[in-house]
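Pasting the structures here.
Both of the next two complexes hold chain A, though its partner changes from chain B to chain C.
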Partner chain A sequence: MDLALQLLFTGIGIGAVYALVALGFVLIFRATNVVNFAQGEFSMVAAYLMVVAVEAGLPYWAAFIVALLGMALVGVVFNLGVYYPLRHRTYLPVIIATIGASILLANSVLAIYGPQPQVLEGWFETPGIQVGPVYLDSQYLLIIGVTICLVIFNFWFFEKTLLGKKLQATSQDKEMASLLGISVSTMIMITFIYSAVLGGLAGILVAPVLFVSIQMGSTIALKAFAATIIGGFGDVAGAIIGGLALGVIETFGAAYISVPYKDGFAFLVLIAFLIFRPQGIFGERVAEKA
Partner chain B sequence: MSAPSDNMPIPAPAIHSKPLLIRHLPYFIGAAILVALAANMRFDGYVHNILLQATTFAIAVFGLSVVLGLCGQINLAQAAFFGLGAYAVGIGTTDLHVSFWLCLVGGCVISLLAGAFLGMSTLRLGGHYLAMVTISFQQIVTLVMINAIWLTHGPDGVSNIGRPDLFQSSQSYLAFCVAMLAIVGYLVWHLSDTKLGRAMRAVRDNELAAGVNGIDVFRTKIYAFALCALLGGLAGGLFAGGFAYVSPDQFSFAESIVFLTMSLLGGVASPIGSAIGTGLLILIPEWLRFLKSVPGLYLAIYGLFVILIIRFMPDGIWGFVADAFARWRAKLAAPPVAGALQLKPAMTGGDTVLEVTGLSKYFGGLKAVDGVDIAVKRGGVHALIGPNGSGKTTTLNVLSGLYVATAGKIVLDGTDITNMPPHQRTASGLGRTFQNIRLFRSMTALENVEIGAERPGNTMVGKGDDALTERAMEALTFVGLGNRANELISSFSYGHQRLIEIARALASNPTLLLLDEPAAGLNSTEKLELHELLKRIAAQGLTILIIDHDMTLVSEAAQHITVLNFGRRIADGESMAVLRHPDVVSAYLGSE
Partner chain C sequence: MRLTRRDFATGIAAGIAAPYLIRSANAQGATIKIGMCAPVTGPAAESGGYAIKGAKLALEAVNKAGGILGKQGELIVEDDQTTNPGIVLAFSKLASQPDIVGFLGSIRSTQVHAMAPDVIKLGKPVMIGGTDPKLTHMGNQWLFRFRPNDSYSGRVIAEFGVNTLGKKKWAVLHSTDAFGTAGGNALTGALEKLGCTTFDQGYANQSQDFTPVVLAIKQSGADILGSYFTFENDLGIFARQLRQLGVNIPWVGSPSIVNITALKLAGPALHNTYGVADYAENSSEGSKAFGKIYRDSVKVAPDNQSSWTFDAINVLSAGINKAGSTDPGKIREAILGIKKFPGAEGEYNFDQNGDGLHGYNIVKNEKGAIVFDKHIEFND
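For the complex of A and B:
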């Protein structure tokens, strides 16, 4: 029972990271109707930026800000270089281009930094606290805390601010939005920047828990995508619940079934959902209009 | 998708007189020469290895040209299928001491089954799902290869893999692989002109239109995906026999990306492009070996290539060349002269061709169609009209199966079609056109109409491709476009595209023709022509159910009118009487 509680905590912690990346997926999908297959690489690049900035001698908080600013820039370049030129094409060329971008990002970092995984210190000096039978790792606590704050911020931003409403309008009907004087290309640019920063944040937060490696991006992206399907594709709340659920399933699977195949559980859950409930927990079936 | 671009190079078909094998004789002679060269020329070990790699990789890339090029579905796990075939031969010929041939076939079957399973679980959903699921599958296969040491020997890989007795020397084995490449290349090349190949292209261009033209979209996609996996497995098995050693890193996600890049660079639509892309991407890294000294650099360049090709050369190298050639040939090839189109609508039911009772379609709380009854009498034109938002198009979509009815019953010529998917309704004799035209944009007018003619159960088409072409030509000639049959859809005006859509439906010899706002967007001359066309169709006894806003067209063409408003039927009867009906007048003009 104690072990189960401990695993539950760890699972929620890692699930929160999947949830953040999944949120980035969903936001870009809603704005552009395209899945960004380089979303995971945003996390990886941010983690490396963080490592570089800390090694350069910046204080942790300054390195954090530098890394996130760097991610904003990555979002801009990504939109202009990959999405924008293809915006009038069907989805397949666009997703192939984002896959190309994901290969480009991961291997550029590999070429620059080498295959050796890097280590990033956690934010706090104290490694964690013992509460009853469960040991709460401080970095996991931070991840969970930040995720809660971001979910609240996200709700406030999209429901209560004018910019958030403009973004929603753009994702729902681009033509109508532009007729109302909203600059659609600006809104899409903002979406890419926000998603890149969000993905980056997830990467920086999870880096002290995992190693900082080239593969971390694609691993996180696959889990996050599985999370969006489990939650209901395109649904913000679904992405978060799906991410948390996947983190818990995976942690328990690794503890009770098999460690080497830990990364396979997400896939099995994904296939099961695709077969039995493709619309996910919250999703509705949608059909193309004739 | 409409593949990477909208202008796929499609050779213009003509009515063929000579048997297929004789027309393709040059191909087989060329292939025989290549095999002879491979068997007899002396290569040093390095060149031999490059040739063997290129040959086996090309077969795997052919698979991508089927799934991505023909059918427009993505597969990011081709290296995994390649690996399944390779490990089947590897483990089979070493640990299990099974004959090479049995292992090769076994590997193909395993890949085929894995592909079919992935396809069945995912292909009903959008393309994004397929991309992610194939990546996940790729990761799982790699995980198993590394961790299931009892089976796969783990990271060490399998060595001393056997070859068939017949091709023990590396020279003869290379010749064997080249022969396999030639055979597979021929089949893939020929596939696009078969019924299945046309169905795949139709699915790629427009899934909805493919469905209502009698194509089982889901099944077609599964065939394409499973075929791709099968070719991957075959290629992998040949690869394992050739190099006698396999290890997990040869079948990683990075290799799947290499396959994808090969396919895109050469041109995804044709096996010739696949061969070009494979050859280039195996030779270029050999010339630029220094890139491999920095880990990651050459894959980073591949990634950049992918982005640039998609952006600037979506049809790849061969697509670029072939497109120019196809346009040139379309101008030269005079289409064959066609006879008059015969329409013989089936008559198994009674006087009423279409009997709709209590039809309802709710979207959540919105009752878009609410308990509508329609009875369409055999012969003549029946119109369904109503103001905007009255539920006309929803009704049509429920009739053709794009939406599932919430309640009610639809009987077509004595057959209950209420619960059939679109392609089965088409097979039962329903033809339709769309308000916003849905043609297969990468194909010629003739090919579009051929897909209509290919409807399952079309009694007006004889056996074979020639009969199909003849029927399609008759239908195109019937709408007045026979002389432009070999042109691509993009070169037709809007009005003519609409006529091609009608021809596509007519070629299938439907029992009932549904026309969704056929006059929308037409100028007055085109409307007159449309009216004439409707008369000529009706004169052959085909029943038409038409939806339109154009009151002139409706009142002149239709003998019977049903009026909807707010999802309910407010009037029904003989044309003139209905149009004078006070409820109809107030629905259109507002009440006082």
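For the complex of A and C:
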């Protein structure tokens, strides 16, 4: 029982990271109908920005704000440089452009900062607390807390605010939104900024656990992408549930079946969903008329 | 001036022949070229940088001392991207240059396995740092190893843990790649010969979480841990989680446990651990000398990432000079004939398989400082 509780906590912690990145995938997919394969690199860039800001002598909270502002700027540049010029093309060139941008971001950071993995201290001085038989890593506690807050914020923002409703309208039908006077390009810009900040937030939060390295983004993004499919592509709640489920499944699979095949469990679940429920947990079945 | 048909034909012939003549001139040219596959990008990019620096420092010294066959040595580096396909591509690019006389391969056994078939096809000497014992025992006469292989590291870890630390209930943790599997098998084999019980646990490289691994070790009741980690990131994450989850048993690791990157990432989580190290700064005069050169130049403490490439360039250069030729067969014979060669990693005595080193150092992490304990040499 003690073992299961410890695994559950860790699984939820790592799953929350997948969920945060998956959320970025979903928001951009809803707004543009393309998958942004650079979403993982947003996490990596933000973590490096945080390291640079801390090394520059900024207090941790100020470095955090600077890193997130930097990510907002990355979102603007990404939208204008990668999505906007291709917005009238089919989804394929845009997806390829995001893959290219992902490689560009990774190699730019490598060229600027070098290959050295970096250590980023966590937000708390205490690495964790022991509650009965379970050790609660303070960074994972923070990640879980932030994910819960974001779920509540997203619900409030998309359901209760005018801007959120405009973003939803844009994601559902761009032409109709445009006819209603909504600036579609502005809404897409806001979506890219929000997604970049979300990805960045995930990167900054997970950096004290996984270290800051060029590869950290791609490692997380692959799992987050799987989580997005499991949850139901395009569904915000699905991304969260998919991410958490994936984290828990791979942690328990590793502990009770096989550690070397830990990644395999995540992708086995993904394949099972693609075969038996391709629309994911929350996705709706789309049928074509004959 | 009139252009005759003969002038035109001569001009065309010269135009066609010129690139070949220039290439041929380069082949017999002013420098002796050595190719190097190194991880410039990918998860091992940092250690790749150290490896390149080690090789360059050695070549500078060789050139100052008169060079190779009276010419200056030149290092041509190709990025292996820290992947198997990457090193195959990098090596094929280098192999296509006929004027490269020898090569430095990878410190990662899995990459050496990937490039080994192309090494046989090319038929030129390749210096390697991979420690899977099979690499020099699978009929590939062109591979020369500049680190002691894992049959030695396994025996040294086992003997130290059992005879010095007095522990007989082992957890053996290893990566599931070629290096980790070979190391894990070597350690388990050595422990069984010493009458120990072992709990074997593999893990996949680039894991983000080691909680299941730590809990499995905890539940196994092991009183000592032996490890073979391939990547420093993994080692850093594991070390931190091991201590956080309250596992404080003695830990004797393969050389990556004293790697500079691992020490930086894991910090205090690695304090009081032991490691077998092919490079230990105070283990010999050659090690001390390399340590000084490296620190003066790179401003970082040296480790095996740079020491093996340093030795590889020195031995390869000495081999070519001894052979008096760039003929691959003659260089091979010359390297195999090298005995009592003082290197940064120790004294090189090449056997007929191409293994130059036959022992390991035991070191301890004392609050982040790597302290040399003793050297254990084998005669087989």
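Note that in this section the second predicted complex is superposed on the first by the 275 of 290 C-alpha atoms of A that agree within 3 Å, B and C clash if a C-alpha of one lies under 4 Å from a C-alpha of the other, contacts with A are read in each partner's own complex, and residues count from 1 in each chain.
Simple rule for what comes next: a contact is a pair of C-beta atoms (placed from the backbone, for glycine too) under 8 Å apart; a residue touches a chain by one contact, two chains touch by 3 or more.
Everything numeric in this text was worked out from a predicted model, so none of it was measured.
Under the clash rule set out above, the superposition-derived model of chain A with chain B and chain C contains a clash between the two partners.
In the superposition on chain A, contact is made by A:L92 with chain B only, not with chain C. Once the two complexes are overlaid on the shared chain, A:T10 sits against chain C while remaining clear of chain B.
In the superposition on chain A, no contact is made by A:S183 with either chain B or chain C. When the two complexes are overlaid on their common chain A, residue A:F37 makes contact with chain B while staying clear of chain C. Contacts of A:Q172 after superposition: neither chain B nor chain C is touched.
Of the two partner chains placed by the overlay, only chain B lies in contact with A:L274; chain C stays clear of it.
One of chain B and chain C touches more residues of chain A, and that partner is B. Once the two complexes are laid over each other on the shared chain, residue contacts for A:S102 go to chain B alone; chain C is not touched. Contacts of A:S213 after superposition: chain C is touched, whereas chain B is not reached. Of the two partner chains, chain C is the only one touched by A:G128; chain B is not. Only one of the chain C stretches 4-12, 22-30, 58-66 or 112-120 carries C-alpha atoms that clash with chain B in the superposed arrangement, namely 112-120. Where the contact sets of chain A with chain B and with chain C meet, they give residues 107, 110, 114-115, 214, 260-261, 263.
Per the touch definition, chain C reaches chain A in the complex via residues 40-43, 45-46, 48-49, 176, 201-204, 206-209, 211-213, 215-216, 219, 232-233, 236-237, 240, 244-246, 261, 264-265, 267. Interface residues of chain B, counted against chain A in their complex, comprise 1-5, 72, 74, 76, 121-122, 124-129, 131-133, 135-137, 139-140, 143, 146-147, 207-208, 253-254, 257, 260, 264, 294-297, 299-300, 302-307, 310-311, 314, 393, 396-397, 400, 402-403, 434.
Interface residues of chain A, counted against chain B in their complex, comprise 29, 34-35, 37, 81-82, 85-86, 89-93, 95-97, 99-111, 114-115, 214, 218, 222, 225-226, 229, 233, 260-261, 263-264, 266-267, 270-271, 274-275, 278, 287-288, 290.
By the touch rule above, chain A contacts chain C in their complex via residues 3, 6-7, 10, 14, 107, 110, 114-117, 119, 127-128, 135, 137, 209-211, 213-215, 219-220, 251, 254-255, 259-263.
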